[in-house]
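The structures considered in this document are given below.
The same subunit A turns up in both complexes below, where it pairs with subunit B and then with subunit C.
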Partner chain A sequence: MTSPPSPPFEPANTLGRRPRLAVHKLSSCDGCQLALLNAGESLLTLAERFDIVHFAEAGIIDVDAEADIALVEGSVSTAEEAKRIQAIRARSRWLMPIGACATAGGPQALRNLADAEAWIASLYPEPQHIDARPTADAVAAHVHVELELPGCPVSTTQVLAALASLLAGATPFAEQDKVCLDCKRRGQVCVLVTQDAPCLGPVTVTGCDALCTSLGRACYGCYGPAENPEVATLAQRFAELGLDAEAVTRRFLFQQSGAEPFQQRVRAWHPKLQAGSATASADRGRDLASADRGSSMLSSMTSGMTSADRNLSMTSKEDDDD
Partner chain B sequence: MTATHFLPRQHLQTLLDQLDALGYRCIGPQVRDGTIVFDRLSDATALPVGIGAHQTPGRYRLEHQDHPRCFAWANGPQALKPLLFAPQERLWRTERDDAGRLSFTSEPQPMQRQAIIGVRACDLAALALQDAHFAGPRADPGYSRRRRDLLLVGVECGQPANTCFCASTGDGPAISTGADLALTELDTGFLVRAASEVGSALCDALPLRAPSDEERAQGAAEIEQARLRQCRSLPGRNLRESLFANLDHPRWDEVATRCLACGNCVAVCPTCFCSTEREQPSIDGSSSTHLRLWDSCFSAEHSYVHGRLLRPDTRTRYRQWLTHKLGGWHDQYGRSGCVGCGRCIAWCPVGIDLTAETNAICADASESAQEAP
Partner chain C sequence: MTEPSSRRIEVSVLARVEGEGGLEVSIRDDRIEHLALRIFEPPRFFEQFLVGHHYSEIPDLVARICGICPVAYQMSGVSAIERLFALDAPRDPEGDSKKHSGAPHSEPETGRNSQTDKGPYNPPGSRPDSQRNSVSGSQRDSELAPWVRRMRRLFYCGEWIQSHALHIHLLAAPDFLGFDSAIAMAASHGDELRRGLALQAFGNRIIALLGARSVHPVGARVGGFWHAPALSDVAAVAAEAERAVPAAEALLRWTAALPLPQQPQHFNCVSLRHPLEYPMMAERIVAESGLDISVDDFEAHFSEHQVPHSTALHGLLEGEPYLVGPLARVNLNQDRLHPRVQALLTELGIDFPSHDMAQSVIARAVEILQAALEAAEILADVAPQTPAYAELAPRAGIARGVSEAPRGLLWHRYDLDADGLIQQARIVPPTSQNQARIEADLAQTLTRIGLNADADRLRQAGEQVIRNYDPCISCATHFLRLTLNR
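Let's turn to the complex of A and B:
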């Protein structure tokens, strides 16, 4: 267990000015900015207590502004973003990636497990115009960050609590509990035990208020792996419940496929799908063209194709299969 | 010997009405989300009539059965614990005035007399342990407030689940102590015993009659059958020595390969009492709420002791749970912390069986128990 570092400033009343807050965006759907914009009255309070210097969804645009606290949504997916995140880091005293994309790459990180260049080549007639790095990375893979708040989208409550703690000169609380514990604290009934639902609650960090299980649905892990996540054990359980190996793997291939413990499960299912990471070489993806079945599953997920359509996907068939 | 009365089934509603008239908020079992939960109950028809519960390790299914009984199931995921040891409770609130001075106020707790219907013998044994922890010399205010004036209508368990082992821990299925009223359900009604002054007064207000010899005999026979039908057991009632002598048993490594460290066993355990505290600051900086939440020995926070993560992995966390539950409790509360309800077995998403793990780890204890019965 690691503790987040100390806050970047003394309590607001000793700073002599309002702390500056920036909300940046990389490759993302803007949902995390909207989660913040949805804060209602708290947003007005936030605007009183902070000098909001950049927050595109709220109409405040100054991407180069210096900030005491910078929230960043989105993954580092393009060369321009790789450069920009360095600049954001240099101008921010406290950097806080928010949401699944910024903390684990998001759904776009599915390409980390495949041949991204081949995908682009198959989709665009003139792929040379596409600026896309071979991997979509978490912000922390590029720069030092002070605290990550996961989720798809990020929890408004968690962001506000973190900001409130920082304003008070306190270290923000970093949630580590699993969804299961949160689910039971709320008096909810285990969907895995009563319905055989392939719930990721046992390996997922909470922050979502156990939303899906409150509706009788299985958690799909959008907050990402908790500490000590027994992914292999849960995958084994899903197999016992009758899911085939591909269906088990798909459970770990939503917004958090870029998170190492979930990615391990994908590699265990198909060893040729090597880990995508920010440090991996750009041409690594080419070797993965041979990972026929896995790539084809991944491409079907991203393009919305069904399993039945998989033979039509772009993956090379010339390489060996398993 | 307490007198045994008989409450015909059609008068069960009278029991709820009487409790209501006495100012009690009634809480009882009902079907929800594929299981049986305890919630507000004013209508006896909302009870799980003709419902059975099929429980095996890691699996829970309700089934419709052709009988008029409403307590023909062993248990659901929770009974008394969340009603007394609140899963999330506000402890105090801090306010900051314009001059920056802080003031602290405890959370006001509304008084509400509660009557809980359908409590099992194992739940009553667990309640006694929770009382020892929360209502002892340093009584917890919230727990004590809810515990005071609590009226308990116990129902003896005639349908143990495959996961039950209360006979082995000595806590059931018959109700010996702890309830104000103890009921034994038959098709036609309930054998009723009052076990407190409040219970006796309640009996006086109910349309009771004397039970026939046949009814008495049937009730006793069903509960004896429930005892005999239990198929799991612990190797002894005090496994403290054996557990602490086996801290390096290879079974801890083996169970760690099956355990999710999700903490569901702790959450459904009626005796587990660990908690954590959190601060909820308001964004305007004027106030903060201090919360207490259920914790689990499977969480990182609970495993973090004095500057380091003392129990970093599933093996050490599972071992902490089991050795505390079945070992350390003897030092703290003079008995094991397990009442044989089997919830940790049914509600474990991977079906880990506490009795199987304990029998494997304490094999030496089982051998000596066999030698000296």
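Let's turn to the complex of A and C:
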């Protein structure tokens, strides 16, 4: 979920000017930009401390502006975005993807497991007008990044703390702990132990303040994997709770299917998938109404694991095509 | 200076809208040859990857369609599922939905005649509410179903307040006051801006009260909420509500005094209609044209089609553009507004219905005040509730549900199998419904200004027109489905 710590950013007071901040958006729901737009008074303070050079939703547009810090929301999911992220990288000193889409592809990365071209063809009557890559990638799959802030959504506290650290010339803090630790700190009763709820807290990184478990429900992993997550062990535990193999896999892929550690679960499950599904991708869309169990999420997405395998490996390395 | 006979006006990236879009206008011989609200925000295929998921996963998955209106997605989703699962139960003894199999409605209402239908204003905080909707038949006699209904309304009030306050102050106000951005406005209009940000924060606090956080909240589930809020937290938010109401009143006065352009146009408004309430979640869809249909009959009247310049589908009602959103809701439901809102509108001399899109900023302020008043009333009387949800028995079938997102009607359909797995999903968001109307408005507005006008002026006017609709492009583009061009 996080890159190794990078050297601290030059302190603001050595720049002789306010540091320039850009906020860019790729494929996303806009929810992570709200970390700033919902910040209230802090948004106005931020605008005093930083020279905001690009932030379209806030009304400041200069797509080509050079920036000291660039926040990027969203996944790279079109050829245009693949090109744009290169340009953003080239003119940004400190590049910080924020949120699940920018750090792991987001929920839309579920399509990485499917044949996205067939989806487009089955959904749009005129697919030639649609620019969409076969995958929705993390920013780091395309360019070097200084620090990733995970979470769906990223929190205002996280973003402001990271920006404040950078202003002070320090490397922002990167969460590494698991949600379990947060529950213990808060004295919250374990929902996995006491309710047999399939909680992803044991493998999910902190940052959310353990919100789901505070409501007595299982964590669904929207902050993505923590350091050294024991995915296989937890998957085994879920199976012992009575979840069938597909339900276990769905649990790990629910929000963070693009996160490499959670994809272990797909690979573990892969042989079963090959045996169980044979829906032709081209027919899939038109066939959705059929009450066939074969159209369950994973089998309907992964009509051929050859493409899934290809995409799984693609998400973890730099992609050289535009 | 001579104008060329052919010119092109382009806004490559629209500022102060949610998501990514642009505007293209080609003018030839003083006529608009081509006009396109370009939506290039890439599709994210939500309707596709909902397939195969369990119905219980809907609230947490569909929330991700929009960071600005996740509550709306969650409420349309849970409403759809509960309407299917509680099929045998009379959900609304007061006639909200006698049946939802398309049987004739016993109390026909048309939007056009809504003023003659003077249902009394019903404070949602009042106890008679407990007679109204039930989440499931088995829960009808308990306190749970009315509690869930009231809490959902509170939850939704929070979203309307935060989304409208964000739009008015951070996106729209700079247009009316002559600034590029709200940040640039801070020096000269700091008090108004801070009042707006405080209202936005109040809306977010309400959402977090029930959902633990305001963006992609985690509290909602099919059958109710995962957990009732702590009464101490309720009291804290209730105290904020007491401060928010006067702020919302001041905001409405302020929007009423803005120098808005006057340019009424002809268009048809569409919204939900509830027998008693200002509509958030309801069973009937009405239009000024006289349409009055069940939520279940949406697909028979409304269609979507693809246009080359947009990844969002264009919605049409009986083949014609229409408007959804705050102005459409106020136009069709002003008789359902809180008496204090109605009194203030009378005092200010503001008349609805209005067909001037610039007035939509006033309609948003009206709804902020409505929601703040309702939230204050609900927060003043929140009972503890354990559990805070009903367990419903799944059944196979077609689940349809709708609610009024901040930007307008948000219609969902899920085809479920006997295991509760989604076989097919269709989601019709407000912005794709408004797209055709936005383009019609653009053509009229730009023509009225004069197609020979300065390009910057046309560009600016075009952007303002688009912002009046508060388009959420992130929402609009994520809805792709199988049957088109019907």
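In this text, the second predicted complex is superposed on the first by the 261 of 322 C-alpha atoms of A that agree within 3 Å, B and C clash if a C-alpha of one lies under 4 Å from a C-alpha of the other, contacts with A are read in each partner's own complex, and residues count from 1 in each chain.
The rule we apply is simple: contacts are C-beta pairs under 8 Å (C-beta built on N, C-alpha and C of every residue); 3 or more make two chains touch, one makes a residue touch a chain.
What you see is a predicted model, and the numbers here were worked out from it, not measured in a lab.
**Student:** Record, for the superposition on subunit A, whether partners subunit B and subunit C clash or fit.
**Tutor:** fit
**Student:** Taking the superposition on A as described, I'd like to know which of subunit B and subunit C A:K178 touches: first, second, both or neither.
**Tutor:** Touch partner of A:K178: subunit B, not subunit C.
**Student:** Applying the document's definition of touching, compare subunit B and subunit C: which contacts more of subunit A?
**Tutor:** Looking at subunit B versus subunit C, the one contacting more residues of subunit A is C.
**Student:** For A:G216, decide between first (touching subunit B), second (touching subunit C), both and neither.
**Tutor:** In the superposition, A:G216 contacts both subunit B and subunit C.
**Student:** Thinking of the overlay built on chain A, is A:Q263 touched by subunit B (first), by subunit C (second), by both, or by neither?
**Tutor:** After superposition on chain A, A:Q263 lies in contact with neither partner.
**Student:** Figure out whether A:G106 sits in contact with subunit B (first) or subunit C (second), or with both, or with neither.
**Tutor:** second
**Student:** From the CA centre of subunit A, what is the angle out to the CA centres of subunit B and subunit C, nearest 10°?
**Tutor:** Taking subunit A as the apex, subunit B and subunit C sit 100 degrees apart.
**Student:** According to the stated criteria, A:L234 is in contact with first (subunit B), second (subunit C), both, or neither; which is it?
**Tutor:** First partner only, subunit B.
**Student:** Check whether A:C29 is in contact with subunit B, with subunit C, with both or with neither, and answer first, second, both or neither.
**Tutor:** second
**Student:** Touch test for A:A47: subunit B only (first), subunit C only (second), both, or neither?
**Tutor:** second
**Student:** In the superposed arrangement, which partner chain does A:V193 touch: subunit B (first), subunit C (second), both, or neither?
**Tutor:** First partner only.
**Student:** A:I61 in the overlay: touching subunit B, subunit C, both, or neither? Say first, second, both or neither.
**Tutor:** second
**Student:** Shortest C-alpha to C-alpha distance from subunit B to subunit C once the two structures are superposed, in angstrom?
**Tutor:** 10
**Student:** Just to be sure I follow: which residues of subunit A are touched by subunit B in one complex and then by subunit C in the other one?
**Tutor:** Residues common to the subunit A contacts of subunit C and of subunit B are 216, listed in rising order.
**Student:** Can you name the residues of subunit A that touch subunit C in the complex?
**Tutor:** On the subunit A side, the touching residues are 25, 27-35, 37-38, 40-41, 43-44, 47, 52, 56-61, 63, 77-78, 80-81, 106-108, 110-111, 114, 116, 119-120, 122-126, 129-132, 136, 152-153, 155, 208, 211-212, 214-217, 220, 222, 247, 250, 254-255, 285-286, 288-291, 293, 295-301.
**Student:** Any idea which subunit B residues touch subunit A in the complex?
**Tutor:** 32-35, 37, 58-61, 77-78, 82, 87-88, 100, 257-264, 267-268, 278-285, 293-296, 298-301, 303-304, 309, 312-314, 317, 346-350
**Student:** Flag every residue of subunit A that touches subunit B in the complex, lowest number first.
**Tutor:** Interface residues on subunit A, with respect to subunit B: 1, 12-13, 42, 45-46, 48-49, 160-161, 163-165, 167-168, 170, 173, 176-178, 180-181, 184-190, 192-196, 199, 201-203, 216, 227-228, 230, 233-234, 237.
**Student:** Quick one: which bits of subunit C touch subunit A in the complex? Just the residue numbers, please.
**Tutor:** 13-20, 40-49, 51-54, 57, 60-61, 64-68, 70, 162, 166, 170-171, 174, 180-184, 186, 193-194, 197-198, 200-201, 204, 212-216, 218-219, 221, 226-227, 306, 308-309, 311, 396, 415, 417-419, 421, 423-424, 472, 474, 480-482, 484-485
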